[in-house]
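In the two assemblies presented below, subunit A is common to both, partnered first by subunit B and then by subunit C.
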Partner chain A sequence: MQKTTRKPVNSFFKKIFVEAGTQVANYAIIFLISILIGALVIFLSGKDPIAAYKALWIGAFGNGLKFADTLDRSTVMILAGVAGALAFRTNVTNLGLEGQLYMGAFAAAWVGFSIHGLPSYVHIPLCLIAGCLGGAIWTLPVIYLKLRWNITELVTTLMMNYIGIRFTEYLIAFPFKDPTATLAGSPVLDASARLPKLMQGSTLNIGFIIAIAVAIFVYWFLFKSKTGYEMRMVGLNKDFAAASGIPVNRSYILAMTMSGAIVGLGGAIMITGFFGRFLGSFSSGYGWDGMMIALLAQNHPLGVLPASLFYGALANGALAMQSATGVPQTAVVMVKGSIMFFVTVTVFVPYIRRRLEKWVA
Partner chain B sequence: MGGIDLSRIFTLSLFATTFRMATPVLFATLGGIFSSQAGIFNVGLEALLNIGAFFAVVGSVNTGSPVGGLLYAVVACVIACLFFSVVHLELKANAIIVGLAMNIFASGMTNYLLVTMLDSTGFYQSDLIIGFKTVEIPFIKDIPVLGDLLSGHFPLVYIAFFSVWLVYLILYKTPFGFHLRSVGENQDAAESVGINPKKMRYLSMILCGVFCGFGGSFLSLSYLTLFSEGMTAGRGWLALAAINFGEAKPVRSLIACLVFGFADALALRLQQFGLPSQVVLMLPYVSTLVVLLGSAIADERKRKALNAKHRSAETALT
Partner chain C sequence: MAEAISVNNITKTFPGVLANDRVSMEIEKGEIRAIVGENGAGKTTLMKILYGLYRPDSGDIRVKGEIVKLSSARDAISKGIGMVHQHFMLVPSFTLAQNIVLGVEPHKRVFIDEKALIEKVQRISDQYNLDVNVNKLTLNASVGEQQRAEILKALYRGADILILDEPTAVLTDIETKELFSMLRGLAKQGKTILFISHKLREVLEISDNTTVMRQGKVVGTVRTCETDDCELAEMMVGRETIGGRIRETPENREKDVVLNIENLSVLNSRDLLAVKNINLELHSGEILGIAGVDGNGQEEFVEALMGLRPALTGKISIDGQEVQEFSTRGIRESGVAYIPSDRYRSGVAVDAAIWENLITSEYYNKPYTNGMSLMMREINNLSDSLVKKFQVSTPGINVKAGNLSGGNIQRVIAGRELGLDKAKIVIASQPTRGIDISGTEAIRQMLVDYADRGAGVLLLSADLDEIIALSDRIIVFYNGKIYNAGFWYEGIRQVVGQLMTGGEGGCNAEDNAQTC
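Our next item is the complex of A and B:
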């Protein structure tokens, strides 16, 4: 019975241990199931799953350069993920990240190839701001339809995706067609609009640092500022927030436009940092990735960082896997889909918690 | 648009094309109606059409008959729906997230299987794919206007429009439909009179899979006999908009489907007149927004008129 004196401290640590252990074990189960589903699919198509995953790992983290490329891949995913987390946490179902990404990317490209003779320290910020505006403007019809006519953004944002992608395709096919290019794309950006690289031999650029800064800013905004607090209250219970005098409509407008601006910035960084011109269908579903990343991070802006690194690694490693083992890189898409299937599964949690509590006690 | 003769755009064949283009959306809509009425908002319709279209091609190649393709598609979609149901109903995952996950999973899966099963990337086209043949209706085909409009469609087009009536009957005139709707309406009340909500939800998802299988196989085995990446082109999302517009009622949703079908048909026609394809291909999505806005405006007018009526009735009384 000597232990009783230590009990309060002990149980506090036990509590934290059980809480953290539950989270970790829950994610471990989700990842394990998803990776096993991927392995099963690879196995059924007659390939060696272990070799495939090994090639994927080496492709993503094999050496410093590959790791830098993985970080570069995760840049746009961080921004898309933060945009998703901001929207979902404030009860805004923004499924239009993909369209907003395209609009932001095009706006940035436009500023990049049509304005000449600016120094880099003016041209780059202009491009990035244009990207934010492009993404934000694309949410305005959605906001109008929601607030004036009460039409759910679940449907309208999806439609705006298709309209945005087609619209940018039109822009590069007609008004801004580059006559010299073989691919459907805009003219090449001026050198003054290109983001400086961080590392020789890799595509990693300062966009990555900007993305992390945005994630930290959104964390501060949501969790430390008054407006952010109000917006989270709206996310928790809209009617209660309205009854306590929080401007619900303002919260909706802010969340939607900020979300669009952030993912638009992601598009702008892809264009100014990676491609150097706007290309038709350049995004391989980064907007959708952002949504999944936000879910995986439980809509926490800082949780987005590790989740994006994971998704960036999958994207970067997939190509290496395909060329090394012949397993099509779309196998990775199935793993991503499986994670999303199970990420909101809650039945594991109480079970794990009970087991952990019993084990600790 | 100055040089375009409108009478050459709005021809009978445009309206016949409307029926054809509305068909896949209609199938997905009818499927989604079942799950919506049972209380599951299924956002995986796009995925189901994709899966259906792919396995219809596989089935057609394997069995050498379009009916075989249809069967493969239906079975594949039902399996996908059962998987959805297990994750949602047994593992208690959020239905919307599971639906979105299914879209991502399905796009990866069909691309993957395209490479590993059919050994091609992007799309698969072959003489081995046997599609459906169009059907002429004996008497109607000889009537001038009606014949052009109604005859000479693919069998699945007729099945789709007939199904609207069938779904209406099942939902509103059978005990099964009544039970299904009651589960979506008020689960506790349904449970208290001995209806098993879980069972009804499983059944509704199976029906959803069957209809989506039909829709998918229409995409790849009727007008076009091929499978290509992204050939569903957002039709599952349009179906979702139709269900949203029609409040999950079959006939009301049919109207939305016809509008989308018309927009699609118009887009095809305008492309032939040299308008940029990127612009005309926006039409179905823009028309969705317009339809939703239009119905919202109409609802508000109706409400205002009703209010005014009440008010004048009140003043008349006092």
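Our next item is the complex of A and C:
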């Protein structure tokens, strides 16, 4: 009896071990190759790759302050990544994260600079809720077009990006222009709308904690809640979900608006935590980064956390690298691009799995 | 006459299916040969082998007397074999002429020679008397015209042997007539034509000889002028039931109507009328078999019943309550269990765990949720018990459904749909297609048990043996209408076969279109 039950348990753990090992090895190899490609480019441009990477490392993690700044940089990336992961896992191709980020950011800024005299504990939540609403509302036209005429969101979300970015630009250039500012931007937010800092001398603020909480919530929502189960089933096989009686349209609406709300919250945190006002083109493509991060995290909300930290570190480190060694930041873009390429191709997974299985056996 | 193409002892297996079993036939030059058979008889597999898309496991193919190896469509084309697919392979934004020459355009140096292109296509079109306006954009061309362009495409590439896969399925009656006169013209000019169909009337009208296939084998080849639709239908569906009857029809038929359908019409995905004003009653305790060749409206009918496709007109009542406006969930909650025909498309999510596939109709009820979270302990208990009861062979309920065999996937679906003994109506579409014998027996037994407990069972199957083995009463879908074959009796098979292939009148030996 004992013997017959033991064997499957062993092979079960062996399988888990092999799978986890494969994943780690897979990512390690992808990172290594990508870093080598970056090094090669730096070397070919006549600079010292080791010095450049050292500067990058120090810039990202060199001391507590720099580490805190890196965490701050990754905050919006976490939210954009979670928004992407939620959408992609539920079969919603939301490519409009960037536009939703801008709309959320502006909505939060507007609440921050036009409502006065509120205590922080009211004003901040109001700003963040406005951010969520801004992002969510920006998905409504997309949802309408999809449900009414079955127009794919792949195109409409992409187009809504440009409308959102230009629309907020218009808002700060005309109706909400701050006459005293040199840069195109909204008026400054009231102090009561600013997020409390977590560390002296760093921009890290409670937005980071909110982002982690959102990632954990979305994990719970997707994998442990009733509605999340519905949405994942729709994501895995829409026809199956429909035939089983799962409300497919409701799932679509919810996934799209939640995704927009989460990335909108990211925009709100950037404005209330970092900038203190809405600035034109304030986002250096965080919405797009979010999609890449979701891909890197294989659409797992908790996998988004390390992936965002990595992206945040690359972003902050690149600045330091450029000023210290003269290697342009674009070298980092090269590394990021290579990683995305290899993750997408994932040629290594089956190969390594086969090798590992042989090795374990 | 000279032999154009022949196959000798072709065998082709797919995992679990013997698609072609020692198939042999010879076709002469200038002949129009029809190949008929039910779904899954192996016609399309054979045609794909002839066109180089599949490779046979054994057997050989001769073209004009010479043994050939066809390992791609390119090989087949070079041997003069052309294929007109059921779904056209044309670029909508190109002109018909551009589509016809696509890939083999005449050119001047690196540029395509548009003038020569149009001239060449026009010449061939005139030569074979195919009325094609070559300058028309494909997206503006009618279905018939697109089909002629497909035929021209094959002829342009030098085809002497044309394979047409159910060419009339997409055509109107007038277009079909035009096609037939064109095919006769082509045959007169020495082209050989292989024509796949399951519409016997058309076969009798157009072909010189007819080969009937059933369950991967050639049943026989007959001169079309010497046969009639009765004989062909009998060859297609066979004479005896294999495996025998497993259902004991209850002595006292119950009269309670559990499902009542009145004047139901349904559109298909191309907005054509697929179900035409049908009326049907399903009684408690009854297994009602729905036979029919695929594509005669039965899928659309089931989808309308399940709320997956809107009813154009008509009423659907379950236990007296009208449900045609209900959502799929509402219909399921009214007591309907549904085993979909395509288990990979709508029966399971292959990347979801077994437990996730088992709870789709229960997860939102207590005790499986508290309103917010899934209650995993209850769900695991339910899943474990269903896996056990339905003998799903798996190491655990966390295994992805896609890792199971087809038969085990079907057991998962059966477990979900039938495991909780709730259903008043069971709609089982192809419930045993492609699964092993023990799985088939288990699922058939479950359906019988359900009927014995007073549920109404609608059984749809492409396998006529299954319908005859299980049903108390049989209806046939033909061209969107239903024809009643009546209560089961020893010789019902012939009647069902005739209704499947010809609809209302059944077969009529006097009806033959050709004389020798």
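Keep in mind that, in the parts below, the second predicted complex is superposed on the first by the 347 of 361 C-alpha atoms of A that agree within 3 Å, B and C clash if a C-alpha of one lies under 4 Å from a C-alpha of the other, contacts with A are read in each partner's own complex, and residues count from 1 in each chain.
Keep this in mind: a contact is a pair of C-beta atoms (placed from the backbone, for glycine too) under 8 Å apart; a residue touches a chain by one contact, two chains touch by 3 or more.
Predicted, not measured: the structure shown is a model, and the values here were computed from it.
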- Do subunit B and subunit C fit side by side on subunit A after the overlay, or clash? clash
- Who does A:63 touch here: subunit B (first), subunit C (second), both, or neither? neither
- Given the touch rule stated above, what does A:200 touch, subunit B (first), subunit C (second), both, or neither? neither
- Which partner does A:180 contact after superposing on A: first (subunit B), second (subunit C), both, neither? neither
- Give one of first, second, both or neither to describe whether A:45 is in contact with subunit B, with subunit C, with both, or with none. first
- Message: One more residue to check, A:226. First (subunit B), second (subunit C), both or neither?
- Response: second
- Item | Touched subunit A residues, subunit B compared with subunit C | B
- Report for A:295: first if it touches subunit B alone, second if subunit C alone, otherwise both or neither. first
- Message: Can you tell me which of the listed subunit C stretches (98-106, 116-124 or 476-484) runs into subunit B once everything is aligned on A?
- Response: 98-106
- Task: Spell out the residues on subunit A that touch subunit B in their complex, using ranges where they run on.
- Result: 41, 45-46, 95, 141, 145, 149-152, 154-156, 158-160, 162-163, 166-167, 169-170, 173-174, 285, 288, 291-292, 295, 328, 330-334, 336-347
- Item | Contact set on subunit C toward subunit A in their complex | 306, 308, 327-329, 331-333, 338, 340, 345-352, 356, 360-361, 363-364, 369, 371-374, 376, 395
- Note on the structure: Note: in the complex, subunit B contacts subunit A through residues 43, 87, 90-94, 96-98, 100-109, 111-112, 115-117, 234, 237, 240-241, 244, 276, 278-279, 281-282, 285-286, 288-289, 292-293, 296-297, 300
- Message: Residue numbers of subunit A touching subunit C in their complex, please.
- Response: 8, 12, 224-226, 229-230, 232-233, 236-237, 239-247
